[in-house]
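What follows are several structures.
The following pair of complexes shares a single chain, chain A, combined with chain B in the former and chain C in the latter.
Right after this comes the complex of A and B.
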């Protein structure tokens, strides 16, 4: 997936308002980054990357870049 | 794999309280946006709660009466199973109380089962096993009033759970061979993931039992409230349940297309959809009613069969039940629900 598309999808999935996401953005700074967000991201990643993350995996996530690394850099253009 | 032959579900009834608790009653737990996200992910829009004076066994009594009023004689019942985590007392057990209230014979074998969200499959396997070893029928009653053990200020539990009860009559199949299959899994190492920490004998009631504490997510509850580590339970479900159903079907040489309906424990719609997606189950094979009742623990699958009966009636259906939750425990069952199964309309009290 194109990284730009991934960022746009995250904004849409997490219903982020007035947030400019980039790969260095720390997701933990979002008010919306809670257990529901974790479920939404796990579902989104599962649907789009054939990759099954766990809540434990998401605990390790800080920046969008770190999320991309967990999903697998090779899956991004 | 456990196989039971020539036993069937004869009747199913379900009862819920009339009192609908809609999401505006839990709005103190969410911002407007969070509530929308909650509804979008879980699909839960309302749940039913009993009043202070009604217990789970009161609901169970009514569910059982519906079935008993439609059989020839109560003497057909040889075994009464009560399955719940919100029983009337610590001592005595509740099945005996129900034996008396339901005016069942003194010869009835009564047994309580403590089980949670996998309870329907656990209870059904127990009922099928007893029915196989007896000439009489087994009445399984499942009831939960989880509303009584929730902290209203804990958003990891209160928005999810509802109250209800179901009764299931199990007996011998008269028409040739019918096979039912069960499989179970247990991970006792995660038993604290869903628990009430105090009030048993490991941590008896003391002055700290009713003290509120606030967790890292701002949820307030005491040690007598239901406590759930949501992310841990979510991980468990995603890790174990698709795999266990897939293995179950492989052993039975059954494919998804061979199954008419999957009745998953109604834990939350997101989890159910994820399980279905991983197993390539189409949405029209998945029964769903969580938006109206929330998670009613072991009651959820029979309640689902009652509310979705329009899809089941007048035909034979090959069904897979899958329950998963506290313990942590999971169980799967594949059986044929025959067209002559009596599934009664939902009772609201």
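Right after this comes the complex of A and C.
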């Protein structure tokens, strides 16, 4: 997947208003970053990357870049 | 020869908790977003005086109030709960007496959560196929609200209390269909109340937090939501296919698919994975929330009532959750 598409999808999935996401953005700074958001990301990644993340994996996530690394850099253009 | 679900009734306890009520307690959280995403508007919780057993008795009384079957025609009672009235005796025995069911019946409890209704149906099917038994009463009742910490916003939002009663009977017109099971106790800690059984209730419990500031202690219900979600999305789609394969059926032969109504988001994720159209996959937990072993019978009843269905329906049912435990199968329903 194109990184830009991934960023747009995250904004849409997490229903982020007035947030400019980039790969260095720390997701933990979002008000919306709660257990529902974690579930949404697990669902989104599972739908689009054929990859099942765990809650433990998501605990390790800080920036968007770190999320991309967990999903697998090779899956991004 | 097969079995048929011939009646379902359900009751909610007396206290209604709306999203507006919760918004007043948890000011920083967006319950509008919660309602859209998770699909829950209201849930009901038991008062101090209400117990899972008292709700179960109400649901059974409601079923007999239709006068479609006499109490004397019941041969067996299966009661599914994780909120038993006592350590002993078996709650099902107390229900037999309180509901005035005959003393000739067999009765036992099963301790299962979200997989409990489908497990109960499978057991009912085996009891019905085994001997001279003709009518089984399957009762589910749950009061998780009594285990949830007042400051645990997530679990208070998701879970509701309820009780259901179903009549399962022999049917000449229905074929016998199979149920399948799954168990993984390695996930036992994912959804657990630690104290109160082998380990006594802690009188000075140490509060802990999880997720976004939810408070709980070891006397309370704890749920690792993302963990359960991950288990579900990775195991349940294949299990669903196995149920169809085992019964040599395709989704075309099924009138409606009912999964445990855990939350709307999870259900939609699963639906996309199993590639079933939304009009064939029931999602509605707006009114009562996640009522554990009660969600599937409540959903079936609502589906029949809302669509005024009178013809026999072949349904695929699948429950999953605490244990970890999962069970699903195919069964006919005609009220």
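By our rule, the second predicted complex is superposed on the first by the 77 of 77 C-alpha atoms of A that agree within 3 Å, B and C clash if a C-alpha of one lies under 4 Å from a C-alpha of the other, contacts with A are read in each partner's own complex, and residues count from 1 in each chain.
Keep this in mind: contacts are C-beta pairs under 8 Å (C-beta built on N, C-alpha and C of every residue); 3 or more make two chains touch, one makes a residue touch a chain.
A quick note: this is a predicted structure, and the numbers were derived from the prediction, not measured.
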item: Chain A as common anchor, with chain B and chain C clashing or fitting; value: clash
item: Touched partner set for A:60, first chain B, second chain C, both or neither; value: neither
item: First (chain B), second (chain C), both or neither touched by A:29; value: neither
item: Touched partner set for A:4, first chain B, second chain C, both or neither; value: neither
item: Which superposed partner A:52 touches (first chain B, second chain C, both, neither); value: both
item: Touching partner for A:42 - first (chain B), second (chain C), both, neither; value: both
item: Partner chain(s) touched by A:69 [first = chain B, second = chain C, both, neither]; value: neither
item: First, second, both or neither for A:15, with chain B first and chain C second; value: both
item: Intersection of the chain A residues that touch chain B with those that touch chain C; value: 15, 34-36, 38-40, 42-43, 46-47, 52, 54-56
item: Sites on chain A touched by chain B in the complex; value: 15, 32, 34-40, 42-43, 46-47, 52, 54-56, 59
item: Chain B residues within the chain A interface of the complex; value: 33-34, 36-38, 41, 156, 217, 230-232, 234-235, 238-239, 270, 273-274, 277-278
item: Residues on chain C engaged by chain A in the complex (per definition of touch); value: 33-34, 37-38, 154, 210-212, 214, 224-227, 229-230, 233-234, 265-266, 269, 272-273
item: Touching residues on chain A, where the partner in the complex is chain C; value: 15, 33-36, 38-40, 42-43, 46-47, 52-56, 58
